[in-house]
Amino acid sequence: MSEAIAYYPGCSGLGTSKEYDTSTRAVCAALGLSLVDIPDWSCCGSSPAHTKDHVLSAALAARNLQLVSDMGLKAAATPCPSCLTNLRTANHRCEAAPFKAKVDKLLDDPYAGGVNAVSVLQALTEMVGLDTVKSAVRTPLKGLKVACYYGCIMNRPPELMAFDDCENPMAMDNILAAMGAEVVPFPLKVECCGASYGIPRPDVVAKLSGKLLDAAVGVGADMVAVACPLCQMNLDLRQGQVNRAGGTNFRMPVPYFTQLMAVALNIADEEIGFSKLCVDPRPVLSKALAVAD
Amino acid sequence: MSRLDALKTRIKEALPGLECVIGWQKGYDALHNTPLFIRGEADVDKLEWGALNVHNPAVYLPSFAGKKVGVVVKGCDSRSVVELLQEKLIDRDNVVIFSAGCDGVVDIAKVRAKLAAAGLSAGNAEKVTVDGKTVTVTAAGKAVSMPLAEVAADKCLRCQFPNAVLADAFVGDPAPQVQAAPAADADLAALDAMSVPERMAFWRYHMDRCIRCYACRNACPMCVCRDHCIAQSREPHWLSQEDSVTEKLMFQVVHAMHLAGRCTECGECQRACPMDIPVLALKKHLNRTIHDLFNYQAGVDVAAIPPLLQFKLEEDNIKERSW
Amino acid sequence: MNIINLTRDYDEDFVHRVEEESGQNVSLCYQCGNCTAGCPYTFAYDIPVSQIMRLVQAGQKKTVLSSKSIWLCATCESCTTRCPNMIDVACVMDVLRHMARREGLAAVPQVKTFWDSFLDSVRAHGRVFELGLLINYVTKTGRFWTDMDLGPKILPKGKLAFKPHDIQGKEHVARIFERFERESNS
Amino acid sequence: MPVLTGKELRIVGFLCNWCSYGGADTAGVGRFNQPTDLRIIRVPCSGRIDPLFIAKTLINGADGVLVSGCHPRDCHYAEGNFYARRRLEVLKRFLPILGIDPARFDYTWVSASEGQRWQKVVTVFTEQIHALGPATRHENVSPELLAKVASAIQGGNRVAA
Amino acid sequence: MRIGVFVCHCGSNIEGTVDTATVAKASLDFPEVVYATDTMYACSEPGQDGIIQAIKDKNLTGVVVASCTPRMHEPTFRRAVERAGLNRFMFEMANIREHVSWIGRDREANTNKSVDLVRIAVEKLRRDAPLIPSKFSVNKRVMVIGGGVAGIQAALDCADGGLEVVLVERESSIGGKMAKLDKTFPTVDCSSCILGPKMVDVAQHPNITLHAYSEVDSIGGYVGNFQVQVKKRATYVDWELCTGCGACMEKCPSKKNPDAFNEKIGPCTSINIPFPQAIPKKAVIDPTTCRQFVKGKCGVCAKVCPTGAIKYDMTDEIVTEDVGAIVAATGYDLFDISKVTEYGGGRYPDVITGLQYERLLSASGPTGGHIKRPSDGKEPKNIVFIQCVGSRDKSLDRPYCSGFCCMYTAKQTILTKDHIPDSQSYVFYMDIRSPGKMYDEFTRRAMEEYGARYIRGRVAMVYPKGDKMIVRGADTLAGTQVEIEADLVVLAAGAEAAKGAPQLAEKLRISYDKYGFFMESHPKLKPVETNTAGVYLAGSCQGPKDIPQSVGQGSAAAAKVLALFSKDMLESDPQISRVDIKRCVGCGKCIMTCPFKAIKEVEFRGQKKAEVIETVCQGCGICTSTCPQGAIQLSHFTDNQILAEVNALCQS
């Protein structure tokens, strides 16, 4: 049905966001979207690289874009917004010949250019489509109130990311609604969670993530669906730190949207990987689904 | 009945209602046919039809404006008639078009070259017969046969219209389409292959020879300004009398631009040039441009509006520069 | 408060460098404050981002490059997305960090150390080795208590590898860093 | 003295009175700096511009010609620029066959309010003409090139007839 | 010919970067130039006198002035040479200010370029011929398009001046935006109380014909003699019979339609009179919601109408109005706030526009003048006003200041305090733009007497939390981020060109800027004229304006029309095309391309020839560049003149 797309899991996909990776692969396979692994991919450089130098950052990303080009493919999908930003930024900056020349100087072989990077969310929306998603649902997520949280850089800046609305994105809402969930309007969809400051400045993350969890509770969400490994870690793994810093008592499950999709598509538990989350969504999920029945 | 006899019959029938019928007759030597103006029945028998009818008789039509005349045309000539009708320079009610299928006309220069190769001079040509696809010229008592395809005018080799696009009396069987016409015009291809500075040198080389006789213009059926051509007027005063390449080339540009979207590529301008200047190439280039831009070809549709006398709010093929 | 002598202390070269490296025209900023209004990190900044922009316009290199704010910007793109004058503010912040590094300035050292540790990990393995990165960071900063509380939560999940996933092309990645260092020093 | 030797090239502009001439005025009122090469001939409408004016200007040795009118649909005379667009595009495509670099001629649309756009157009076009350098006239084709082309023609180029 | 050249210093405007004396001296080398001088201000009285004196003393037969753009002073100098006895067309200008001295600092290059421009002016002048205008009669009726306050003022002033006026209004009532306002700044007087009488005057004035619910379909003709086709849209109510009693509205079963007059924050019936003071006070059926149209059955209004005015089968009607002048007063529209997604306008009911807030304040509005927020009808206590939404914002392609939002926001904070004494208003602003009589004092009063809290900074986002709207902005003066828990958020939406303005401009053959606002003839000196003779502008169609400015322009446009109509005959511009009958071959290409149908075919000694209709020809010259033999020449821009300019430039 849809053509193949290269798949770039990102470093965390091998570690802290393993369950994002497994659920993404399972969901795409179930929906007929063929993800082809990029052989021997390397780190895109993430934020640390661009805060150091833009050419270095682009070179680290371009090595991977070139690998995609070598596969004979024109596009790569990644679940991680940070990887996505780096890959897209590298491509965008390399459109200027002088910049690209500097990047090529750092690489073994020059980057041929012309490889597009999209998020898994965008690939599911545009290459699979809501109709297919809808018709593939086996267990509708009926009765489940989900707040969709996109993170700060999935859609921003809009000129670079070129997908969905930058202030009120709807792609994830639409997919989970198609899966039968009740998506609640979440006003802080694109507000930053604290990003990679968890280690050097946990206080900052506690404050920002706390605000998000508070808002999610405020709109009556059963859980917050996310699309970013860093967001997930801040909201889930660090939820205890948030509670301690703010004197709160959140117990909000924070699954990846692909995990919720996997539930609706009746995918095996080990691929969904709910057990790898700190706040287990299963009790809330089964309760919601049971009530709906 | 031959095409010629059939034409004569039809002309005789129509002649009483016509001021004159324009055609061709035997010329000053066996190789050349020249225009014929049939005013009485006796003239009809002078009519010729065939490969020596190189002239485009449409050129004379505007001078008969207001009078009812007939004209005998080849397929290519008929496009000029259509174009004149379209521009309302002649009146459809005042022109009767006689035609028959055309198998191509000769390029005298090519015939001359063939004779020269056989050691003969074209000036001595005594008799020319065209039999199907073969032209036989007898000169100084010696007959030389040559395939028509080898001595035909260039335009005939790529002819799209061997039969008139518009005729009141079309006689005989239609002529077959030219098979496998060459994709690109050789003249244009040669110019296309040159660099821009080489093309400047090309025109410099050729226009040096121009003697400003305006034969090109006078032979052109679409040059309807006649005595009022801006090449020779003072009001407006486009060209000076200076004998420079600039002024001579400028005239060719005027001629070509005035023909943009109107030229049917009958080739009379170039055929008429006594200095063998390849002036038709400019018009061919413009025709190609007009076709690319507006998907338009002149002289095929009486009801069409020439592309430069109309516009579209959104042009399909004009991509304007962004700054 | 310091009084700024704008005739003497305006560093024209600094303004030009920021504009050149970021590709942004900082004089487009009319100080509406939208960047500060939207910035989630304003509470943690010592100088709000709109004032960083103002100080760049004013050529106040030292104040800007020694600010904590430029190390606390997460490039969340809120400022860039909402700037009415289409200035890529996040890119300006990035460039200011680059310049601060070159000047040897890092007003929030643990952030710089964390980023450096991250890049060291990429350089060594081709990909980030998460546990190794944390250990490296703790060693460098001496902040041994960092995320101690999270260990019991995450370790049983079996997600954190104890060994790095070295890639075959890690030498290529290392060469990227080497060439980068050579280029920046030349 | 007209063209400042070594500094300026001969660039002729044909501007419609209502939009582009006004746009050039607006650029002046706004003190938007521009190169000095351009000399503007004012005409009522871009539809008044016979493409032969441009051909003549270029054949007679100008280094560049710039035409500007009202944006399509904004013509003061409703339709002039629509005719102009067709005629000017045909001319632009005709120039190279004459041996004139088509980059020496451009046409565009600038409204009376677009002073900055006018500044940009003039600056970009002038830079473009300077990049091409002074134009050669047909009279002044170098003897070497002429000889080369002549021998190619005499050597059997079909167009030579 | 004896030509005199006058090179203007324009004070230092030209002389600063052009050596005018050198230009004058160089001009003496040009053919037929017998006199050349530089002059301080050519356009001043002594400057003009100098030209007139020189014409007399030196027997000049033609004059070139090198100074500013001819679009500025060509008429001035033409009158001057005419006073000296020359034909006014024996005159040319060289634009050495806008096209030379103001765009570069290189004195040598500028001087040199100026010489060139004088050279081409001289070459053109040498081929000028005296032209005599012809006269034609004027139809002394005027059409005003748009019945907002500017159009009303223009219509009333023209009508009081004795002219017949045709007023065309798109909506079913005149009044425009002003009719929707509660109060006006800085006097805080009731908007409908001051506008209402003027609207009644329009209705009652014997000289005014009002076409409401109508639009201009097409416009032909020219100054003095326009033919305008007006499309009267179907109202489905016979206005001859409708008394405006409102019985139909009471009984109409379709009551929940968004009310356009109330900016869609209140409901209205499908058959509707927009507001009690409407002029004309006549009902209109909206066929997109009316049950009779949507479902094919209902007919309640037809049953209850006491005069039998309901006509479900009514269709649009075209009427033709012949007028001699047109005033465009089509106003503005509001920026669509839903484009600023981060403020949630259109998504959150309690984020509204300033104009919607006016309707909440208005006693004739949907809440009867009680401020109730749309979501739950509660009275808001904390109200946040955000300025510059769709103004001064390049990212939204609205870089301009809308001019009146600062003032109406200040007014709204004052009215808010009056309505709800325990309320608190907050205003996020970037700069307060309040130049105008008593304007700045007014904004100060909002802060000082009414306690509105002004915060200097923009707002980044607005989002709901519980039943509050969280407004997160910056206080740039304090250098902090601020948050306000608001009950209602009012966005000061900027002004943008009225929908359809560019299309109307095309019909009027006037220019408009990239935002759709109509272009005036000169930004300072001809603010209500356009470049099309007989077409004038009033109000916000030219750019955002407040009420006094709009009214002033309405009167100004009326004065221009009255001045135009003070003559019985107008002179036509003689710069038109003329056919050289000897050269014309009658091919009709000029007839085919003329946009004005100004050329007709005639018979001349049995031959077809073209002939120009003098009063219809607008002087574009398309025919001249179409005619291959150059038989039709545009006077003053002949082939020979342009060729002479080309030759002068190429040979110099």
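The letters A, B, C, D and E name the chains in turn, as written, and every chain counts its residues from 1.
Note that in this section contacts are C-beta pairs under 8 Å (C-beta built on N, C-alpha and C of every residue); 3 or more make two chains touch, one makes a residue touch a chain.
For each chain, UniProt lists the protein as follows: A = Heterodisulfide reductase, subunit B; B = Coenzyme F420 hydrogenase/dehydrogenase, beta subunit; C = Heterodisulfide reductase, subunit C; D = Coenzyme F420-reducing hydrogenase, delta subunit; E = Polyferredoxin, heterodixulfide reductase subunit A.
Only a predicted model underlies this, so the values are computations on that prediction, with no experimental measurement involved.
Participant: Can you list every chain in contact with both chain D and chain E?
Facilitator: B
Participant: Identify the chains adjacent to both chain A and chain B in the sense defined at the top.
Facilitator: Where chain A and chain B share a partner, that partner set is E.
Participant: Treat chain E as absent and tell me which of the other chains still form joined groups.
Facilitator: Chain E out, touching clusters read A, C | B, D.
Participant: Tell me which of B-D and B-E has more C-beta pairs in contact.
Facilitator: B-D
Participant: Using only Cα atoms to place each chain's centre, name the chain farthest from chain A.
Facilitator: Centroid comparison gives B as the farthest chain from chain A.
Participant: If you average the CA atoms of chain A and of chain D, how many Å lie between those two points?
Facilitator: 54
Participant: How many angstrom between the C-alpha centroids of chain C and chain A?
Facilitator: The answer is 22 Å.
Participant: Nearest whole angstrom, what separates the Cα centre of chain B from the Cα centre of chain C?
Facilitator: Between these chains, centre-to-centre, one finds 76 Å.
Participant: When you check chain A against every other chain, which residues touch at least two of them?
Facilitator: Within chain A, residues 166-167 contact more than one other chain.
Participant: Residues of chain C touching 2+ other chains?
Facilitator: 43, 78
Participant: Going through chain B residue by residue, note those that touch at least 2 other chains and give them in order.
Facilitator: 238, 309
Participant: Under the stated touch criterion, can you name all the chain pairs that qualify?
Facilitator: Once each pair is checked, the touching ones are A-C, A-E, B-D, B-E, C-E, D-E.
Participant: Report the residues of chain C in contact with chain A in the complex, numbered from low to high.
Facilitator: 40-41, 43-44, 72, 74-78, 80-81, 88, 90, 94, 97-98, 101, 108, 110-111, 113-116, 118-119, 122, 126-128, 130, 134, 137, 146-147, 149-150, 153-154, 157-161, 165, 167-170, 172-173, 175-177, 179-180, 183-184
Participant: Contact residues on chain E for chain A in the complex?
Facilitator: 341-342, 347, 461, 463-466
Participant: In the complex, go through chain A and note every residue touching chain C.
Facilitator: Residue list for chain A touching chain C: 11-12, 14-19, 40-43, 45-56, 59-60, 63, 102, 105-108, 152-153, 156-158, 166-167, 190-192, 194-204, 207-208, 237-238, 240-241, 275-276, 278.
Participant: Inside the complex, what are the residues of chain C that reach chain E?
Facilitator: Of all residues in chain C, those touching chain E are 28, 30-39, 42-43, 47-48, 50-51, 78, 82-86.
Participant: Per the contact definition, I'd like the list of chain E residues that touch chain B in the complex.
Facilitator: Residue positions touching the partner: 580, 582-583, 585-589, 592-593, 606-607, 626, 628-631, 633, 638-640, 643.
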